[in-house]
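This is the structure I have questions about; it appears just below.
Just so it is clear, A, B, C, D and E label the chains in written order, and each chain counts residues from 1 on its own.
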């Protein structure tokens, strides 16, 4: 394997990591900062992608589609927060798991009801399509570069919001003691609705952005959801920096594991078996990584120490 | 009075396939319009245990005579052996795993669609005939993926630039595309059903790699082509059916399907339609309660298949021509047209293992 | 008799009366459905031991369920094909005997629970939920892509396994067997909850640091609870595979873990009969709503949502009033 | 002097740049109540943590009943007979008072792996638990859920749980915290009788209680012991008045 | 001018009733001691005032009916709370704890850290790692940052060193004298309450059983209702 290919694969891993972060960003807010286990996060991701596909289909504008994704998912998020989620903050994680599990069912089948069972069309706009040549001769799709930039921007924005602004501080205070922050005069309910909507909007945006290079279909959110949880937990709940680093680690592990493990197994087995066995272990790699990180540091890389 | 139980996927991610099977099947049944035939349809949610439960219900409570409809191989493996063990006919509208074509073949089991490997074999045969010398081949790491690459290799028999198994459900293929680019391959064969194929094709089209792409029909069928869009144009795929197949039955089917459901039929709809017609033709001759006679009537395959010539081999899987299609755009609609025949009168690789 | 005991008695009565009616009315599928509910209930009773008593929110119980299933699948498929399970260092044959399969399932899933527990119990809270999920995913992906036992296609067994003196192919007999196991386990669960071990576990859930200062090891208490819990769920997995005569990686999927948890929560966490009520309701809803519309899962979702939002501690809580019960 | 029941020798513990314990050597003699006082943040809870085993010192040793227990776990020390109460009540709130006491008895028995037979009907455990509840005067509320106890009752239950262990020494972190004047008086009376059974290392800010109970007082400031002496000596010590007492006494 | 007035207030935790009829008034600039044995309902009353628990009866603050307001609205009317049990925001730093609560007015971070220099030295430390007393100071500082008109101190000196307690009582006296902030004080030290407060209200089993100026609080009454 040539050095340039290895370099390219490392870049792919990092890129995949940033994309994971983009998908996990909204969840970081909701799960990491507000402390709510929202299994329906993947559904909001799906809502964004469907809204984008519908608007792109009707208007032909990718930018409008992104706006639509953000708005639709944020509205759906706000609605869900007002009707369901707000009754769950003071409950234990179990109830949150069940309620948001129920929301997945409602969202998935509801979307199918509205949009039918067939995957929808959403593609990269022409001004972002095609590869560019990077130094070293690596050909890299422009759209993916744009995703990296956007992912990093979102990471920075979120980090500033949570750690530097008063709203961010108040949200974290609410996570510690909701009753108390309200008793100090902060309208924490409204704040939580806003933040939930923001998290949902980010999920929707990610759904649209990533949907353009993947498939827009019912159920697209669930695999993402698990990956996003993995990312956040590895990084440490509540830490934006942790989520970013966790995402990069997962991206690298997944990409490089998928490439090198089969190669590694070829050293002791015939190619067909090696490819199959190597890939089998590669698909377990990120979960092994997660378990290893948690065994080593039980609250993730940057989580608050217990 | 004959009862038929259809178990298929009508909710969740894979619902579009099951819906097409159902719609194709019901089109034939309603056209026929005979009395004394009852069809019961249930959703398996793409879960094997649910499929088994429904099969039990249909057999034990509804007392059906014939089962049909399953889309996925793993669900078929869960249902078919126990259904045939309980003396029920099973007519496959899609899934036809190797085990059931070879050692596990059964007098009560017919596959109307194909044997799972067929369309991959066609792609392999086509690659060879096009003179490709080192294709790069890939499929997800699960049994159907392994069968796929084996099917391709069975008819290709040459050097490969690379052979990889991806993760089932994977959505990002940047790493694989980089490997393809670096491999020096002259063509790419892939089997990535459902959303995986959509993702791969979009990303491949955007990557600047311009090698010709081949695959089985699944990733280029009517149900998902609209979601892939331009990225699929020109891709060659192996299929035993296409909407432009030139025979009377097919023309009638395509027209009737479009008329009734206001969309183009897919491969799965065609299988559903054929299955229903096969069953109706057998019911004209015998009752399912007379197992021997009904089985003989099915095996005779005395119906007008939308695929043209159609016969069953001894393992009760079809002998049929398999074509190569190319993805084209007709007006606003992406669809396929036949560009050649990959293998003629193809049966299946496992027929000798079947002791029937 | 407290209200909860009354509710439990009614549930128990239904478990006996409904299949009896089905037998009389010749509705064999109702028996199959009841068997499914009873097996799910057993799996959920297993989870409830970890969850209700030990406070361990495991989102990876499908691992044990699946291991139980594969214990059955592997043993029976070897017996079916007359190939030994292993030939070295000694020959081990497959088997079609349920009791042997059960013991294997219990032992294998207990072992898995021990290994997972040793690692997972280093974490707590949300991290525990997620690390159990991670182990589940690991094993799920392994099972899908490992070709030896069918990979994603799973393993099919043509005839249900055997139990001495019974014809397990007759639905009501198999049901009776499953129900008997469920009742035995429920009985053990009730004993466990009141036992000294149960007392210590209960405290370890609420105030682990207090448990340490009386000289007990809360982590070890929880580990033992997890092992017992995994073993019970593993037994349920073996029965489930036998019910379907089929096992596949879906039994190991995170959705399966989620469903087992849903059974417990619908019924009521830490209630003896909570998992039983939850599993029965879920199976019933799934069956009834399936006929209503293609989009029936929307309604299932709504019903589940109503149950949680009512906040009464599951169905048993709604019927019997809030509060844990002690003597 | 007799061999102390419990002693620390030069224990030191830092949090980052902060030396929370700085070369602390104190001891607890049989039959005495030794009070530790000092300003907030002086390192009293940190010291208790190191003695009971939830924190490990960076340097120095802890000895208990003649053994070096510096590296032992909380559990091991508890089994040796170290009874601890928490600054914030650590009780199983969903359980009854009796069940909380039973937990202590179970710990004392050292045999938690009994999966059958109701805990409430296990004679040895029950006798021990009831005896302890009786001692602190909670026998009447034995079947009440702990969450329903008043604050003062919870503090007493805390002590009762420790009592079930038949400890050889008690370590108590602010047992009077949150008690009203009446409750404080009651608990003070109780601790006074307890010292005959096992000596008590007592951290407390309630000076009325400390002055009434302590045989000796050590004063901790910035992690160091600045003075040790009798009540009168400490009251009179100007350094202690400056750092801690103000004009209370 | 009466700032806060409660008449015949009742409240319950689920099914178990905790308040059976509490009467209480606090006038502007006045400090009221709120007394009673453990578990008599003092903190419950505070929760009712701060809208952390549904309550019935008359609850009026500065002319506004509190029963209809959510917690944060009540706080914004000018009720500042130092809760029982050191409920600082454990994962936030000292500085963030203060910022989270801040509303414009006399009290800002500089004034609070001047009042409690220990907090000033630990601005970037996580609240969970503060000593008990430091956490107590932080919750007082945090309540001051809301610039309340009525400060409710529920066991605010619990667990504090005598010398710090004296400082806090001194600070309370200063607050009262200089800013005229009204106060409702719960504390176990009768002596200290006596010097800091003008009036006392005594609660027993969820009912107001005595109210009046401190001067009228005879040993007889305190023996009967407080046990000392």
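What we mean here is this: a contact is a pair of C-beta atoms (placed from the backbone, for glycine too) under 8 Å apart; a residue touches a chain by one contact, two chains touch by 3 or more.
Quick caveat: nothing in here was measured; it's all calculated off a predicted structure.
Undergrad: Among the remaining chains, which ones contact both subunit B and subunit D?
TA: C
Undergrad: Could you grab the centroid distance between subunit A and subunit D? Build each centroid from C-alpha atoms only and quote it in angstrom.
TA: A distance of 48 Å separates the two centres.
Undergrad: Quick one: report the Å distance separating subunit C from subunit E, using the average Cα coordinate of each chain.
TA: 51
Undergrad: Just how far, in Å, is the C-alpha centre of subunit E from the one of subunit B?
TA: Their C-alpha centroids are separated by 74 Å.
Undergrad: When the centre of a chain is set as the mean of its C-alpha atoms, what distance in Å lies between subunit C and subunit D?
TA: Once rounded, the distance between the two centres reads 44 Å.
Undergrad: Do you know which subunit D residues sit against two or more other chains?
TA: none
Undergrad: Going by the contact rule already set, what residues in subunit C reach two or more other chains?
TA: Where subunit C meets two or more other chains at a single residue, that happens at 141, 144-145, 147, 295-297.
Undergrad: Determine which chains touch and list them pairwise.
TA: Touching chain pairs, listed by label, are A-B, A-C, A-E, B-C, C-D, D-E.
Undergrad: So in the complex, which bits of subunit B are touching subunit C?
TA: Going through subunit B, the ones touching subunit C are 10-12, 42-43, 47-49, 52-53, 56-57, 60-61, 73-74, 77-78, 81-82, 85, 97, 99, 141-144, 146, 165, 167-168.
Undergrad: Could you pull out which subunit A residues touch subunit C in their complex?
TA: Per the stated touch rule, the residues are 31, 35, 37, 39, 84, 87-88, 91, 93-95, 97-99, 101-106, 108-110, 112-113, 226, 229-230, 233, 237, 276, 279-280, 283-284, 287-288, 290-291, 294-295, 298-300, 303, 306.
Undergrad: Using the touch rule from the top, collect the residues of subunit A that touch subunit E in their complex.
TA: Those in contact with subunit E are residues 166, 169-170, 172-173, 175-177, 179-189, 238, 304.
Undergrad: If we count contacts the way the header does, which residues on subunit D are in touch with subunit C in the complex?
TA: Residues of subunit D touching subunit C: 52, 54, 73-76, 78-79, 83-84, 86, 90-96, 99-100, 102-104, 106-108, 110-120, 122, 125, 161-162, 164-165.
Undergrad: Residue numbers of subunit E touching subunit D in their complex, please.
TA: 16, 36-39, 84-85, 118, 129-134, 136-137, 155, 158-164, 166, 188-190, 226-228
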